[in-house]
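The two complexes that follow have chain A in common; it is paired with chain B in the first and with chain C in the second.
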Partner chain A sequence: MQRRSEILIEALTWVASFIPAILAGAMISFLLFNGASAVSWKFITGFPEKGGLEGGILPAIIGSIYISALCMLMAAPIGIGAGTYLAEYAPENLFTKVVRFFVELLAGIPSIVIGLFGYVFLVHGLGLGFSILSGAIALAFMILPWTVRVSEEAIRAVPRDYRYASLALGASKWKTIRTVVYVAARPAIITGLMLGLGKAIGETAVVMMTAGMGITGYIPVSPLDSARTLPVHLYLIAGEIANTSESLKMAYGTALVLLALFLMVSIPSLMLRNYFTRRLYGDAG
Partner chain B sequence: MQVKKTLLRRALEYKPILKSEKLNVWYGRVHALKDVDMIIPSKRITAIMGPSGCGKSTLLKAFNRLLEAEGARVEGKVYFHDVDIYSDSVDPYVVRRKIGMVFQKPIPLPMSIYDNVAYGLRIGGVKDRRVLDKIVRENLEKVGLWDEVKDRLRDSAFNLSGGQQQRLCIARALAVEPEVLLLDEPTSSLDPASTKRIEELLKRLSRDYTIVVVTHNVHQAMRLAEHVIFIFEGRVVEQGEAERIFKNPKSILTRAYIKGDFS
Partner chain C sequence: MKTEGLIKTLTFLCAGSSILIVFLIFGYTLLEGLPVLIKYGPSVLTGLYWKPYADPPQFGLLPTIIGTLSVSGLAISMATPIGIFAAIYLAEYSGGGFLKSFIESAAQLLVSIPSVVLGFIGLVFLVPTLAKFFGGWGFSILAGGIVLAIMTLPHIICISSDAIKAVPRDYRYASLALGASKWQTIRKVVLPAAKSGILASIILGLGNAIGETMAVLMVIGNPEVPYIPTSILDRVRVLTSTIVIEFNYAVWGSDQMRALFAIGVILFIITAVVNLLAFHILRGRIHAKKI
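Moving on to the complex of A and B:
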């Protein structure tokens, strides 16, 4: 009896593990099947025509890269800084508890609410307008809880012994954090930042309410320019404009490019993570 | 003649390099060390022995102020030469460079073999490549690791065996030129062959350094130590010359511990 239930559990977990794999595979093949014909050199390097029903998506590609890069430029250092404080310095007192609570809270706020906040305080309050800067700041709000938490956990996971070994050699606390703790935590921090970046690249609601929809015939240059990102473009041509087979095909193509952009970011970061892991542990790890 | 000279030299050098007075340590509410008065003679091997949880590792960490990093509260005095290392004017970072430490488990830092040995020097501001190369080599030779690793100094230190890692840690501690080397059960995670190598190494090093070894292994203390401190439940029960203590312990507790009645 014991054995039979063991086998059943194993089979069920096997099935459960298969479902996400099948879903991902099906979605990607569906997109490839329907969208591949839309993707061409002209599609990637051209400007949208007829509201996106024809032409390319270059401004949205640039917009996506611009906004998420600027967002990471803010979210990464703040996240690592806060994670360092919480893991290394924070005493277990009320202040720390309050900070942790708010970080958790921020993680739970729906993105559309963050979008509203960005619209009120960044676009209008600070007068940044519908702009790449507004969008990047609002996106940073959205992913900050993740970068903070991931950094904190990565830093906490570094064995205490490393710190003592470094201190015992006369290193100061900050020197120890910089030269030993960060080095050991680097692979995990990179993974975490990459997940945050993935969320930022794919986010629609926040960007629409803060960066606007952009002028399609124009490549954004200044951070104060309005910009359209790939998800926003996708939403507009698939949902807002006539729901024809033509517009859907363009939407599939856009989705493919969005996916490719995400892979282009995540594959190098995975390689970087593996490189650092190897450097850490050599063949032993 | 040579032997006599060495004995004379050592007799003259039998002076304390470390000394504690009324040392008390608390971890939260736990009173880990109680009124500890002890001396560590210079350029000898001192063994701090006692059953697990008796406070011997705590005492060791009191000598390089690592206790503070663990959040313990320390009262009383610890003199290094004639300076109280817990006085306000003393920088713990300087203390730790003069009094090195090796831990129970080998702790290679997450970097290459070379960078591990160079770590303390770089913290001290040494940047010159030739100086670093020279000191790294000298110290790896001192611990008998040079021939084993000279062709793979850039490899991760994690690729070494446990015994090699522990010798690397000793080399790393020696590279900053400490006067005292503290070792917290340095062989407890190692196999007998590696243990023997480390013990021989410590004997060799005791010519130039003051060595303090924490051990719960009476036989290791007998093999290594010239001076012994026996701790039980946070108090020093007995201390003195190893030969005297092992042959003729004053306290029944010490006698029972040496006999192996408890550990």
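Moving on to the complex of A and C:
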């Protein structure tokens, strides 16, 4: 009897631990099943017609890539710098503790609040207007804690011996970091940043309040152009479902393209991340 | 030598930038929200009516706050048991290796799936399904709770499993040596020792749930005039959804727009409190571990 309940409990925890995988799998299959027929070459490379109810979504795809790339261009260097400080230089003092707390706090601020802030500070205060630049800066504020965290973890995971060997050869601290630590931590930093890029691609509220919502019939070029990204497009089209039947098909198609873009960035990084983590710890052991 | 100092200063500034950004965010949101908070006073929190277009306008958030708490509370009460069980499997039974990294990757993937995609699936699948089973709209606290539970689950799994893993091995050995079974050991020794970390994961999950926007917004119905819900099948508004919905209509500089910033201030304060609590609890655990 005792034995049986032990096995039952283990089975129960086993089932629970697979729920995230089952949910993710079910949602991806659901969209593939329902959305595949809506996606065509014309849909991906075409321009929106009738306010986005017909035609393609090319400007939204470009807008999404543009904003998230620009966001990472800002968040990545600062994040790596902060991660380097926390892992290599930071003494265990009050300032370090405060920094850590604020990184966690920033990570916890609801994205909608960052959107509000972007609207008053970037769009109005700095006069950047509803633009790709405003969107990218606000998004960078949102992603920054993630880039700090993955950089610090990656740098900390580099075995101490590597540093000692380099220092013993007479290299300075910065030279050691640059030529030894960064090289060893690079795979983990890059895959971590890619996961951050995935989050940036999917963010809606921040971008909607800073980059604008207007449907554009042109490809955004200047960072001061306004742009509607894929998530914003999906949200606005989904709001029309009750009114028109075309919009449901468009929404399925947009959701599938957005999910595909997100998965193309996330799945390889997750797989590589596991591979590199195991290899790094294998080396250390 | 000069570069060494320069690099140290540069990385120091990068690290400090988070502090500046948090103050900027809070400062600007507060500056915009304060006039409404002062003008309408505590009635913002306790008022029953949200009528931005009435004359004079009313900005009572009580139904919205109750909506937020009921959706997030429902989500947490669904996600917590599953999350803790999954965390126990990860920390105690999985034994590392491929299975463990697969489960962790799936949780990581689930937590970063664009929330608008989750909301869309909720809108086209969950809402009609609920309407079929329970009647009514389908848009409800229940729908929001289910969607939010999915988004909160990975947080609870990850933080709880870390807390369970941090329990010293000796505790387990001592219990097993006394003849306790594995589950008895987990239930009577490991879980009590990891209690504070698990509590922190629930608090952080709750904070995340309160701040989540798009996915919830698309399935809770957002009635024109928010009312205090009496059943989990009622439509509600939450704090975050109110901002998104009215942002399009509010005029820059109007009291309505300022009221939205006041909601932002409330959300910010909730997040800060949640994080302070979790920070405090987790630090307590680290101290306990040292002893």
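Criterion: the second predicted complex is superposed on the first by the 250 of 285 C-alpha atoms of A that agree within 3 Å, B and C clash if a C-alpha of one lies under 4 Å from a C-alpha of the other, contacts with A are read in each partner's own complex, and residues count from 1 in each chain.
We take it that a contact is a pair of C-beta atoms (placed from the backbone, for glycine too) under 8 Å apart; a residue touches a chain by one contact, two chains touch by 3 or more.
Fair warning: this is a prediction, and the values are worked out from it, not measured in the lab.
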Chain B versus chain C as contact partner of A:Val180, first or second or both or neither: first
Which of chain B and chain C A:Pro145 touches, first, second, both or neither: second
Partner chain in contact with A:Ser17 - chain B first, chain C second, else both or neither: second
Touched chain A residues, chain B compared with chain C: C
Partner chain in contact with A:Phe33 - chain B first, chain C second, else both or neither: neither
Contacts of A:Ser172 with chain B and chain C, given as first, second, both or neither: both
Overlap of chain C and chain B interfaces on chain A (superposed complexes): 172
Complex contact set, residues of chain A against chain B: 159, 161-172, 175, 179-180, 183-184, 279-285
Complex contacts: residues of chain B adjacent to chain A: 64, 66, 69-70, 93-94, 96-97, 100-101, 103, 105, 107, 109-111, 119-120, 123-124, 155-156, 158-159, 169, 172-173, 176
Complex interface listing, chain C residues touching chain A: 3-4, 7-8, 10-19, 21-22, 24-25, 28-29, 31-32, 82-83, 85-86, 88-90, 92-94, 101-103, 105-110, 112-121, 123-125, 150, 153-154, 157, 181-183, 204, 207-208, 210-214, 218, 240, 243-244, 247-248, 252, 260-261, 264, 267-268, 271-272, 274-275, 279
In the complex, chain A residues that touch chain C: 2, 5-6, 9-10, 12-21, 23-24, 27, 30-31, 34, 77-82, 84-86, 88-90, 98-99, 101-106, 108-117, 119-121, 124-125, 141, 144-145, 148, 172-174, 177, 195, 198-199, 201-205, 208-209, 213, 231, 234-235, 238, 241, 248, 251-252, 255, 258-259, 262, 266-267, 270-271, 273-274, 277-278
